[in-house]
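Look for chain A in each of the two complexes below; its partner is chain B in the first and chain C in the second.
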Partner chain A sequence: MIFVQYVINGIVIGGAYALIGIGLTMVFGIMRVVNFAHGEMYMLGAYFLFTFFTKMGVNFYLSMLLAIAAVMGVGGIYEKAILKPLRRRSIETVMLSMIGFSLFIQNIAMLIWTPVPESITSPFPLTAYTLGGLYFLPQRIMVIFVALFLVLLTHLLLKKTKIGKAMRATFQDLEAASLMGIKIDRIYSFTFVIGVGLAASAGTLLGPIFTVHPYIGNLANLKAFAIVIIGGLGSFTGAITAGFLLGVFESLGAGYVSSGYQDAIGFILLIIILIYRPTGLFGKVGQRR
Partner chain B sequence: MHIKSISLILFVTLLFTGLAFGADPVKVGVVYPLTGPIAAAGSYQKAGVEIARDRINAEGGILGKPVRVFIEDGANDPAQSVSAAEKLVTRDKVDVMIAAWGSSPTLAVSASVTKKYGVPHVVDTASSGKVTKLEGKRPNPWLFRISPTSQMEAEGSEKLLPKLGFKKVAFMVVNNDWGRGAAQEFGTVIQRTGGSIVTQEIINADATDFLTQLTKIKSADADSIIVTTDQAQISLILKQYKSLGMKQKILTTGGGIVPEGLVALAGPEAAEGVNIITFFAPWFPETTKIPQEAKWFADEYLKRGHAPKGFGESFRGYDGMKVIKAAFEIAKTTDKEKVREAFHKVDTWGLSGHIKFDEFGQSSPMILIVQVKGGKPFVP
Partner chain C sequence: MNRDRIITLLFLLGSLIYPILMRDPYYMHMAILIGIYALLAISLNLLLGYTGQLSLGHAAFFGVGAYVSSLFYLNLKIPVWIGMVMALIASGILGYIVAKLAFKLRGAYFVIMTIGITEVLKLVGLNWVDLTKGPMGLTDIGAPTIHLGGLGTLDFGDKIPYYYLVVSLVVLCFYLQYRLVSSSYGRAFISIRENEDLAESVGINCYKYLVIVVMVSASIAGVAGSLYAHYVSFIDPGVFAFFISVNVVMMVIGGGQGTLMGPIIGAILFTLIPEWLRVFGDARMAVYAVIVIVIVIFMPRGILFYVTQLLNLRKKT
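And now, the complex of A and B:
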């Protein structure tokens, strides 16, 4: 019974991991940009929710949408102002600018919200439902459903819409896509905004469960990179699978081995997978050009 | 032209304030974590230092000289704290230091800065026994600690623990010198009082999800949990503990935790009934020997717009400054060797109790247990 409880705990956290992971993998796959500020977008999502909902008293779901939109705005401005002019520059230049951006956002958050940790009041009851000796927390049930819904929505966006088709075309072959009349700049902006939006949505989902402070993005970044590498760089299915896998492994590891190794277990998983599948679970050999 | 005249006015004002006070200030160097996961704690303590500085200056300074505080960020990281402390000593030429929050950075600053350069070093937070006593010897003759060790905390609560019903105890401690040390010291005390240790869960400093550990404690049939980590993490543990419908008694160690903080971060429901070890109880100024000063400090802290959830840390910086003033006034000079000798003669009362150093440079502050009752502090 306790085993099942550990797995359930892992799946819930895994849902949020998957959400953080697909945003990062999308930006990397399509734009070839390693977004080091991904965790900071997660942090901003949580802080905007705190400001709109806890401070200003806007409706919870509306606050979530506003928070995600606000972060998308920040991401959009950054993309237009910094990433676009650096488009033809080397990968190191872009990487450095991303690291700078992440430090900038962290420090801005310290100025605006101070380093004092804050708590987002939760509109859900605290007490868990019990079913056959298993515990289900109301807030976390919401998290897993919203996460799955957003993953599905992103999937449909990529597979069923015209812009999704253009994004996949850009992912497969940049030059050919551009020759077919796809406006690469617009695809890039769109991808980046969606990617940071997904990170922000994970922030708004986990914010009320955890506390919010300017450094929560560090852990999110670490997990997101592990997920993207386990799943295979740029692989959407890979990120989802890896997200859940990491969540469940961490929970089982903490339960049966030692909780001191909870974070280490994720990286042991990463090393094992890299030994047997150097391109990750769903990565294709020779995908990088 | 405007800028010129403004800077001229500024310059003249500065000149006069300087003159009014006599030239050389007493320089206090402070290394706290101002960025990183525990930046909040550092910012609360910084507030305490500033309140003390302003009070001392308003009362005429130290030895008739104004006090100037140089605060550097050590991020609670040993390497960064050492370079911050080194900068304070070599560039700013500080007369005395308060550094560097956690046990690991404090040990680093002690070994490679204050001992090397011979600068009096006040420790106001770190609780690892190694800071003042290493293999039976005092590792740094320049270091004086006003915060209690984990052992002092455990022994200070020895009488109360069985009364509060801590028999089958589970530990949840943060994965560093402080957490592991606390588990060891409290474990010894629990066994001495006839209790047993059911399980020991070590958690990472940045972990946010504890359902698995709590599930394990719940199924291990513990009647109580002793938690050692910072306030934000304890709040998360409490929230998740409450949602699992757990009834185990809880004790938090290390100071730094206050009912206001738990109520604000975990909610009144989850904070209810938690036992907290604290070294300063601003709600009960009569627990100190200096009730008026304690009350004044608590009011001043709030008046400056600082969060009540920082009470558990803020007093440390204040007491640190207070002991520095006392030592300089005994030494009657800023000569470092004379000041070091003077620290041994200090006998004063801070917000956290009696400050008097033993031969290891360790002081014994008060150790109190308060309980959250109806969202308010209460002495059990």
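And now, the complex of A and C:
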């Protein structure tokens, strides 16, 4: 029974991981940008929620929306100011400027919110529902439902809307898409903002479960990369699957092996994938870059 | 003699008489750190500058070198020199494993692999308390000594002998870098950087050369880590800090990637810049981040390049 409980806990966390993963994989797949500041967007999401909800007392769901919107704003400004002028530059230059940006955000967060870890108060009752010997905390039920809702929303955005169609076209063939009159610059900006918004949403979901401090972005980054590589770079389905897988494996690892090494599990999975299936679970076999 | 040689020799001369000019212990301390980081920068330059592969995990090789060498010294009481060789071998093996796994694919994979391995090693350093003492770190790591027969022993615990030890290793690695990049290996490295598909088509086994260059690079980084540990005599999982990896990348890029002197200039700059930025107090790292972005975007060819360009311009007018 305890095993099932671990799996359920893992699925809840995995939902948020899936959100981080699809955000990163979208930005990589469409823009060819490795967003090293993805974890920092997650961290900012959690901190904005802390400020709006815990400090200012705004309604919880409204605070979540405000936090996500604020992070999208930060991402949008960065995209316009730094990434846009770097479109024609090498992937290394873009990667390193992203690293600089992530260091910047991390340290600005440290100046604003101090390095002392904060906890976001939970607006939900702390008594768990029990069902057949399993425990379900209201907080965590909310997390998994919101996560699934956002995954579905992103899926619909990509499949059903005009801009989603343009994004998929850009993903498949940049030049052909631009010849068909798709404004690539606008697609890029939109993709980046949505991508960081997804990271921020994961931050607002996991923020109240864990503590928040300026360096949580580092591990979030590492996990995001692990998820995206395990799923296959640029694969939407892959990121979702890998997100849930990682959540479950981490939960089981922490329960049965050691909680100290919990955060290393993503990397261990990544290595196993690199050995047996380097292009990831859903990546195209034979693709090299 | 061409200008580059003269500059290199002047640099060497300057570093040899430096301790006579600068008696202040703080300046000696900074000079030793610069030397250690210069080793690290040379090692990354082989990889980033000549084969074009970005590693954001050089702290992993540095940290493994530091830990392996210290643990051999503390637990087995063997001479420091053997520990240093062990550090070299251990980091080299780690480099081999990372390269074997990561170079199955290109682009971002190697970068992410290197970041990941650093974070995992940091976790090991924090959690394997029996071996590493966890966050408490290892203390009382001794400095190397040489027995000179009847003349007594030369103790490298003092700053000045240690400085010369570091300088001689930097010179050795500089020479190694020079020989390597002007050999057929070096030409293979550069061809991989310029156009991998083309290199492959003329019969260069890119995978093999990339694994070799990572191994060499990691080994040198391990030696740098070992030198660091025996100099400061205390290490904790902070040797795996992401900042170290980033700063080394900045040394190579800021100084001039793919040039012989670049990493040395870069090591001087980026050992001192974080120190100078202390005037900004808590905002220090935010300012550092802005410097990183500015250099990456506006000076991707390194300060050396822009300075020489400026000098040439003045000559013409």
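Throughout what follows, the second predicted complex is superposed on the first by the 278 of 289 C-alpha atoms of A that agree within 3 Å, B and C clash if a C-alpha of one lies under 4 Å from a C-alpha of the other, contacts with A are read in each partner's own complex, and residues count from 1 in each chain.
Everything below uses one rule, namely that a contact is a pair of C-beta atoms (placed from the backbone, for glycine too) under 8 Å apart; a residue touches a chain by one contact, two chains touch by 3 or more.
Being a predicted model, the structure only gives us computed values, none of them experimental.
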Chain C versus chain B on the shared chain A, clash or fit after superposition: clash
Partner chain in contact with A:274 - chain B first, chain C second, else both or neither: second
Touching partner for A:255 - first (chain B), second (chain C), both, neither: first
Touched partner set for A:145, first chain B, second chain C, both or neither: neither
Which superposed partner A:61 touches (first chain B, second chain C, both, neither): neither
Touching partner for A:126 - first (chain B), second (chain C), both, neither: first
Touched partner set for A:218, first chain B, second chain C, both or neither: both
Which superposed partner A:5 touches (first chain B, second chain C, both, neither): first
Chain B versus chain C as contact partner of A:110, first or second or both or neither: both
Footprint overlap on chain A, where chain B in one structure and chain C in the other make contact: 110, 218-219, 258, 260, 263
Contact set on chain C toward chain A in their complex: 52, 54, 56, 101-102, 104-109, 111-113, 115-117, 119-120, 123-124, 126-127, 242, 246, 249, 253, 282-286, 288-290, 292-293, 296-297, 300
Chain A partner contacts - residues on chain B that touch it in the complex: 34-37, 39-40, 42-43, 175, 201-204, 206-209, 211-213, 215-216, 219, 231-232, 235-236, 239, 242-245, 264-267, 269-270, 307, 309-310
Of all residues in chain A, those that touch chain B in their complex: 2, 5-6, 9-10, 13, 110, 114-119, 121, 126-128, 130, 135, 137, 206, 209-211, 213-216, 218-219, 251, 254-255, 258-260, 262-263
Chain C contact footprint on chain A (complex, rising order): 28, 34, 82, 85-86, 89, 91-93, 95-97, 99-101, 103-104, 106-108, 110-111, 218-219, 221-222, 225-226, 229, 233, 258, 260-261, 263-264, 267-268, 270-271, 274-275, 278-279, 288-289
